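Right after this note come the structures.
Common to both upcoming complexes is subunit A, partnered first by subunit B, then by subunit C.
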Partner chain A sequence: MKDKITKISLWLMVAMFLLAYPKLFGMYYVNLFVTFMVFAVFSLSFNMLLGFTGLLSFGHAIFFGISGYGTALALRHIEGIPLFPAIGLGVLAAVILAVVLCPVVVRVTGTAFAMVHLAFGQLMYVLALKLRNITGGEDGIGNFPIPNVSLFGLFSFPLKNNPVNFYYFALVILGICTWLMWFFTKTPFGQIQVGIRDNTKRIDYLGFKVPESKSVIYVTSAFFAGVAGSIYGLFHNLVSADGSLNVLVSFTAITATLIGGIGSFFGPIWGTAIFQILEELTIRFTEQVELVTGIIMIIVIMYAPRGFTGFLATLKLKWQLSRAKRRG
Partner chain B sequence: MYILETKDLNHDFSGLKVLFGVNLQVKHGERHAIIGPNGAGKTTLFNCITGTYKPSSGKVLFKGMDITGRTPHELTRMGIGRSFQITTIFMNLTVFQNVRLAVLSKRGIRFNLFRFVDKMKDITEETEEILRRVNLIEERDFPASALSYGKTRALEVALAFATDPELVLLDEFTAGMSRDETHAAVELVRKLTEGKTAVLIEHDMDVVFSLADRITVLHYGRIIASGTPEEVRSNQDVKDAYLGDLEV
Partner chain C sequence: MDATTAMYVSQAIHGIAYGMILFLIASGLNIIFGMMGVLNLAHASFFMLSGYFCYQVLKLTGNFWLALLIAPLVTAIFGIVVERVFLRRMHAFGHLGELMLTVGISLVILAGVKFFWGTESLPIPVPEALQGLIKIFGLEYPIYRLFVIGLSLVVLLLMVLVLYKTRLGMIVRAAVSDRDMVNALGINIPLVFMVVFGIGCWLAGIAGVAIAPILTVFPGLADQVGMDAFIVVVTGGIGSLGGAFIVAIIFGFLSSFGIQFVSQLAPVLMVGFMALVLIIRPHGLFGVEE
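Up next, the complex of A and B:
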């Protein structure tokens, strides 16, 4: 009971902080936080595959990117389309891509899975550059109209050129996504998911269909990556091959997940935050941000292979042990 | 009428023949041991029956139904359980979570994304019931990787039984166990196989003769004898090939 009260008050404090954030910090940090939320959700969707199913993808950006393009194209070409259907079309594009890919990818694991995704990722990237009349080539699609947020005419507020509104909008959408992904891991199916990670053979011999189960996970992961990608495109009012389909986008999720901690659900969120803070600090001294993140990466892999959350867990354990020792 | 039957089962690994026309017959409700020297094809036979391999030729019948080449998950749903010689459990999950997965499968809960699994009381109760039966209740919240060797083998066997199969195939469930552990495991299997049919691969002759109702001897991919323990023990071919002068 006491635990529950502490928990609830803690969450209330977090919620209050998030609500007051735009008032407390300037515009610059509001935008920074939106970027953080987008990549946190993207990394969480990536960790659904890596941390919870044991599948390392080198091309998770394909879902992030295609959804961004889908939303941008819908807003550019469909006259008067409301915001949510436009996001929906983008996410649908990501889901369809996942459905098309999954007969192949659910039957491979390990290196093959990673490489197939690297190949698809590069293919999508080159296609986005080459199909100029659809994607705008290197320039991407920019300055497309962004409708007001409205739900059944209950309320309506503008997003375009209004970072504070966009902050609240992204907070709600991405917050819901985070909760849904967390809930996913707590369902019976979430148990089957970690079962596949630990021992695919035993899952098969327990009577579960492995390829079908993996497909559901894969498409769900693509869905959430798609939501993140769509919001990202809206946020910048621009989608481009380099911004959303580049292999570096895929690697952002990988590094954030590794640094935050593969084994934990919240690891990728910590990882994304750590990365952004590092980038903010580094950029004051040098342009070579990758140099610093690379070094951090090496340190984490060598000394804290379970990432930041794993490191915290170890510290907690040590503290408990030493306290137990002192008490005898 | 046999619960499990193989008809003229052959298997080869790209040229290397391992099974030569095996006709195995397992009666309803018996504990049937398969013995034979290393490399006799015992595990390959299991793999052909439970869908790990598709046999090169021949048929596998379960309750008279042709199940040749069916996949493992189909066979599990039909009521065939299996344990492995190499422990095949979920190392990063707790003992409870391991068994709960089997209970979920048995209840047909496969794509449920709408409930907290921890709040499904009936599932939790049934899982704990199974843990009590296999004496793992005290290790309920241990990660499987933290169990002693004997306990991981018990969990392996528990997973084979937790889907409540009619027929269980146990591949050397005592492999690598100490005397005491073996004794406990034999008693466990005796208890769990009550009312079920079991096929066991076993090297330990004490285990075989204390558990098995009937024995089949496999020698270089061929069945050389099959019958009650007394019949097999007195069979001259078996003595020559396998048991030798062993006083059993």
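Up next, the complex of A and C:
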């Protein structure tokens, strides 16, 4: 009972903080936090594959990017489309892409899975640059109209050029996504996911359909990556190949998950935060994003393979041990 | 011979030349994978690095042959250092860790290259002896492409000889099939690993120098050509040299004829081919199930 009260009050405090965040900090940090939320959700969707199913993808940005492009194209070309259907169209594009890729990707594992995604990612990147009449080439699609947020005419507020409104909008959408993903890992199906990671053969013998389960997980992961990508495109009012399809976008998710800790649900959120703080600090001294990402990856893999949550778990264990000792 | 045939033949030669270069990179990747079980994603970066070394040697001495000799060797030494400092300690943490570590290394190399040589593409002149066209059977071929094909064949032959006719080759082949047993027989496996890694990087280095005059050297080189090489390895079956050879040549043709006929879709062709192969055979054309 006491635990429950502390838990609820803790969540309330977090919620209060998030609500008051734009009042407490300046515009710059509001924008930074939106970026953080987008990449946290993107990394969570990536970790659905890596941490919970044991599939390492080097091209998760394809879903992030295609959804951004989908939303941007919908808003540009369809006259008077409301916001949510536009986001829905982008996410639908990501889901369709995932469904198309499924027959190939669920049959390969390990290194081949990673490499196939690297290839698909590169392909999408090249296509986005080459199909200039659709995607705008290097310039991407920018300055598309962003309609007001409205739900069944109940309320309506503008997003364009209004970072604070956008902050709350992103907070709600991405918060719901995070909760849904958390919920997903707790369902029986989420347990099958972990089973596939740990012992694919046994799951197979138990009568679960491994390729089909993997497909469902894959499509779900693409869905959430798509939501993140769509929000990211709206946030910048720009989708470009370099911003959302580049292999570095995929690597951002990988690095964040690594830093946070593979296999822990909240790991990628911690990881994204730490990665962003590190980037924020180093960017003042150097423009080399690749160098920073690379060095962080090497250090984490070599010296802290379980990431930040692993570190926390070790601390907790030590604390419990010392408490147990004190009690005798 | 009429113009159409001539065009086909010259495109075929371009295809073979590119395929051979892909194979040089892919074979290094494959040997290293066979020995250590790790797909070295930094391999393409070594390939690019060798192109830059070649540029540097040319800038200092102006001698292409010297560059062809030195750049791959320096690349091999660099690779050995990377293996000793990073990869050797990593075998404990499983393949995904190794894979990501090599990604980290490739990112650092990319940043280093941009730092030292800048982001613009650096032209490398074709050496004088290999400039121009040569006439065979009334057809004109660019000499340099033929040279690339010849060079790759010589290197390939050398590799086959080393692999099948020497003691080192015997140990390597034995270690590929059962590493622990060879180690138990008293052979210094870490040393063999190091040598093999060096040879793999040397092969990538040769490819890097060979392709430099054709494509120039730029920081995206690793992505552009390396990606093709990785696709070759995955499609041919990871660890299979013969598969890599066949697929590399097919990809060379796909690339050169693809640019000729469907230039917009050229990059799609290879990935499409890979997808097709993996749907039918998830472990690649000549791969064996792990």
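In the analysis below, the second predicted complex is superposed on the first by the 316 of 328 C-alpha atoms of A that agree within 3 Å, B and C clash if a C-alpha of one lies under 4 Å from a C-alpha of the other, contacts with A are read in each partner's own complex, and residues count from 1 in each chain.
We adopt the following convention: contacts are C-beta pairs under 8 Å (C-beta built on N, C-alpha and C of every residue); 3 or more make two chains touch, one makes a residue touch a chain.
The structure displayed is predicted, hence computed values, not measured ones.
*Asks:* When the two structures are laid over each other on chain A, which of subunit B and subunit C touches more residues of subunit A?
*Replies:* Greater contact footprint in residues on subunit A: C.
*Asks:* Does subunit B (first) or subunit C (second) touch A:294, or do both, or does neither?
*Replies:* second
*Asks:* Between subunit B (first) and subunit C (second), which does A:184 come into contact with in this model arrangement: first, second, both, or neither?
*Replies:* A:184 contacts subunit B only, not subunit C.
*Asks:* Considering only the touch criterion stated at the top, classify A:210 as touching first (subunit B), second (subunit C), both, or neither.
*Replies:* first
*Asks:* Now for A:194: first (subunit B), second (subunit C), both, or neither, which partner does it touch?
*Replies:* first
*Asks:* Which partner does A:26 contact after superposing on A: first (subunit B), second (subunit C), both, neither?
*Replies:* It touches nothing on subunit B or subunit C.
*Asks:* In the overlay, answer first, second, both or neither for which of subunit B and subunit C A:107 touches.
*Replies:* So A:107 only meets subunit C here.
*Asks:* Could you list which residues of subunit A make contact with subunit B in one structure and with subunit C in the other?
*Replies:* none
*Asks:* Mind pulling up the subunit A residues that touch subunit B in the complex?
*Replies:* Residues in contact with subunit B: 183-184, 186-192, 194-195, 197-199, 201-210, 213, 216.
*Asks:* Going by the contact rule set out above, which residues of subunit B touch subunit A in the complex?
*Replies:* By the definition above, subunit B touches subunit A via 50, 71-73, 76-77, 81-82, 88-93, 97, 100-102, 104-106, 109-118, 120, 123, 159, 163.
*Asks:* Provide the residue numbers of subunit A that touch subunit C in the complex, in ascending order.
*Replies:* Touch residues, subunit A against subunit C: 50, 56, 58, 103-104, 107-108, 110-112, 114-116, 118-120, 122-123, 126-127, 130-131, 247, 251, 254, 258, 288, 290-291, 293-298, 301-302, 305.
*Asks:* For the complex, give me every residue of subunit C touching subunit A.
*Replies:* Touch residues, subunit C against subunit A: 39, 86, 89-90, 93, 95-97, 99-101, 103-108, 110-112, 114-115, 223, 227, 230-231, 233-234, 238, 264, 267-268, 270-271, 274-275, 278-279, 282-284, 290.
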